[in-house]
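Presented sequentially are two complexes of chain A, the first with chain B as partner and the second with chain C.
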Partner chain A sequence: MDLLLHSLPLLARGTITTVYLSAAAVVLATVLGIVLALLQLYGGIVLRALVEVYLYVVRGVPLLVLLFAMYYALPYANVRIEPVTGGILVIGIYFGAFMTEVFRAAVLSVPKGQWEAARAVGLTTPWILRDVVLAQAVRMAGPPFINTCVMVVKGTSLVAIIGLADVTYVGKQIVERTLAPFEIFGAVALVYFVICFALSRVGRYLEGRVNYAS
Partner chain B sequence: MPANEIEIRGVSKWYGDHQVLKSISTDMKRGEALVVIGPSGSGKTTLLRCINLLDDFQEGEIRIGGEAMGYTLDAAGKRVRRSETEIARMRAKLGMVFQSFNLFPHMSALKNVALGPIRVLHTPPKEAAEQARAMLARVGLADKADAMPGQLSGGQQQRVAIARALAMKPTAMLFDEVTSALDPELVAEVLDVMRQLVQEGMTMVIVTHEMSFAQAFAHRAIFMAAGEIVEQGEPAALFQDPQSRRLQAFLDRFKQGYKL
Partner chain C sequence: MSIDFSFLTRVAPILAEGLSTTIWLALPAMLLAALWGVVVVMGLLSRSRPLAAISRSYVEVVRNTPVLVQMFFIFFGSGYAGYPVSGFVAGLLALVLQNGAYAAEIYRGGIRAVTQRLAEAGLALGLTPRRVFRIVVLPLAVRKVIPPLANQGVLIIKDTSLVATISVAELTFHARLLADRTAAVFEIFFTLALFYLALTAVFSGGMRLLERRLRIA
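Up next is the complex of A and B:
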């Protein structure tokens, strides 16, 4: 108990780093996801091909390998990125691919009749996208979006390996000094669980909102 | 102003090798209610969708209020599609109602009706909302302004869809089998609204299977089969005294209905 109390400030700081990394990576991944989904759906053939390449590369390479590439390989190319920024970039870009799928599927889930009804009223494509298609797609995307956010939060734990002081890294450090893995890693696991559980609850709430009538 | 609201001249359309419209021509006077009947696959819905260019057509010309819809000739005399903006502007002059309503499910009935005027006619939102209320009252749904489409019955949704089209103050209305997806007891409330429009002198193209409605209220009927206009004329005459064997067969099947 004493041990946990002493570790608490450190774990709290690690938690803040984890939350910060997660939030920043989610923002980056979401922006990437929306933009790339729209490019893939409505862009020219070149843009569509580029997005495809990005999706295949990112989906085909583990997140850990991408982190290693950023941390160990880029310096050889004389590109130095500060680890926190680098971590956010890599995680954001990695999960951006998943977000692209989330938003692409959501846009495609809007029935063709919605486009036709909007066209028949005389709306031009930008307005149709904004008022009719994206307005509905965003609601449809809610639950899978939250799901991907949960994956991002858990994915940030990998940055411990490149030495970023997130809650996993801090936990490992404390365990090395105190030799109390059960208590400390239990606490670390609890941190992730609480964040992800809260997200899931939000997801449930959004799921209810997809049903417009209620 | 031209006397004809809609002019259709030699319109042909192909899906690959398959010709779905074969040089269709017909003119519609202002205030005329035209009913289009025919077996499924006859091209009647396609023709309707060509009028507001939801479907492209490869040959011929459709004029709305004298203006060629969808296509124009470039300097070299080649037929080119107009810009999306121009097409959207012309579509706004035509109201269309679909078989499956296609209301925007995330907007209240009022917003469904007000969206077009706000975005296309640039009506100030407050004014658009007032007009939308008036339109909803016109289709008998004054009390449903704040309801979401999912809370309305099929007949009510379809009436909102009619109000949405009317809110654009169209010069003509297109109806694509608008009662086909409705429970029988809800058909009448939609047909009532359409009858009212006929009587108010709205120019209407109505693709339908409601023969008794066609006979009672339409000014003219067209029978299509295999992409062609086979017969046309005053509805009662057409239905009672069909000249072609194809129309005869079509009507017979209708009269028989479902028999064991």
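Up next is the complex of A and C:
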């Protein structure tokens, strides 16, 4: 118990890093996901192929490998980048693929008849996209979006392996000094649990709203 | 920065060694997670309140914490408790615990997706509830469940890379050693990515075949 009290400030600092990384990566992944989903659905054949390649690579390669590639390879390419920024970029790009799937599925869930109906009342494509399709897709995307956010938060734990001081890294450092794995990793797990469980609850709430709407 | 492609052919055999460990971790992890998921979903759908509550809490705890932290917890914790397990076992255990919970949720979704009407039709024909489940609900649910299970399998394959951090000599572990020793980082990580791409492609291809096989004409 004493040990936990002493570790608290360190764990708190790690938690801040975890939250910051998660938030930044979620924003990046969401923007990427929306843009790429729209490109995949409405883009030309070249753009569509590029998105397809990106999705294929990210679906098949572990996040850890991408992080290592960034960490080891960029210095050789003479690219200097802050480790935190690099971590956010890699995690954002990785989960951007998951977000693309989320938004693509949401847009596709709007029935085709609505396009025809909107066109029949004289709306033009950009308006249909904005007022009819995306307005509904955003609702549909809610629950899977939250699920992906939970995955992002959990995924940020991997930055501990490349030496960023997130809560997992801090926990491991403390365990190596204090030999109290149950208390410390338990506390670390609790941090993730609180963040992710709160997110899941929001997801559950949104799910209820979607059902209500349909 | 230049890429020496002849180096790829020298890196590949060393990585291939790690590949077998990766496969031997991923396969049992998938099978055990799929089985453990059955146990957990029986708990989730159980009529006994306490059992359902315990299963639900287990699923929530495991799904809302990172598998890496679970691996550390088991790996370092088991040593501290006096029953040290190898990195391989700790990794396998964490993967099964985590993905078993996801599998259980997938099964639950599959069972739910079979409409009430079909089950009622079965009951109307005079089948017992148990038999309705066995010959109406289950065969349909199994088919519903294969694509999401395949997705989960791909995630398992990718997550096996995490055991590199608890010193299991699989693909990523070997690649990292090579990168430290040779500085040919582009070639190494490029080859490593190809290995994982091939592995996941073969696996999802196989699952798609299975899906087509089981499809009801």
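The rule is simple: the second predicted complex is superposed on the first by the 210 of 214 C-alpha atoms of A that agree within 3 Å, B and C clash if a C-alpha of one lies under 4 Å from a C-alpha of the other, contacts with A are read in each partner's own complex, and residues count from 1 in each chain.
Heads up, the rule we're going with is that a residue touches a chain if its C-beta (ideal position, glycine included) is under 8 Å from a C-beta of that chain, and two chains touch if they have at least 3 such contacts.
Note that the coordinates shown come from a computational prediction; the quantities given were computed from them, not determined experimentally.
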Considering only the touch criterion stated at the top, classify A:G14 as touching first (chain B), second (chain C), both, or neither. neither
Could you say whether A:D131 touches chain B, chain C, both of them, or neither, answering first, second, both or neither? first
Looking at the overlay, what does A:G96 touch: chain B (first), chain C (second), both, or neither? neither
With the two structures laid over each other on chain A, which partner does A:G142 touch: chain B (first), chain C (second), both, or neither? neither
When the two structures are overlaid on chain A, which partner does A:Q114 contact: first (chain B), second (chain C), both, or neither? first
Between chain B (first) and chain C (second), which does A:G87 come into contact with in this model arrangement: first, second, both, or neither? neither
Kindly classify A:V150 by the partners it touches after superposition: chain B alone (first), chain C alone (second), both, or neither? second
If touched residues of chain A are counted for chain B and for chain C, the larger one: C
Answer with first, second, both or neither: which of chain B and chain C does A:G33 touch in the superposed model? neither
Answer with first, second, both or neither: which of chain B and chain C does A:G171 touch in the superposed model? second
Once the complexes are superposed, what residues of chain A are shared between the chain B interface and the chain C interface? none
Chain B contact footprint on chain A (complex, rising order): 111, 113-114, 116-125, 127, 131-132, 135-136, 139, 211-213
Which bits of chain C are touching chain A when the two form their complex? 1, 60-61, 63-70, 72-73, 76-77, 79-81, 154, 158-162, 164-165, 172, 175-176, 179, 183, 185-186, 189, 192-193, 196-197, 199-201
Which of the residues in chain B end up touching chain A in this complex? 52, 54, 84-85, 88-89, 91-96, 98, 100, 102-106, 115-116, 119-120, 148-151, 161, 164-165, 168
For chain A, which residues are in contact with chain C within the complex? 56-57, 59-65, 68-69, 72-73, 76-78, 150, 154-155, 157-158, 160-161, 168, 171-172, 175, 179-182, 185-186, 188-189, 192-193, 196-197, 200
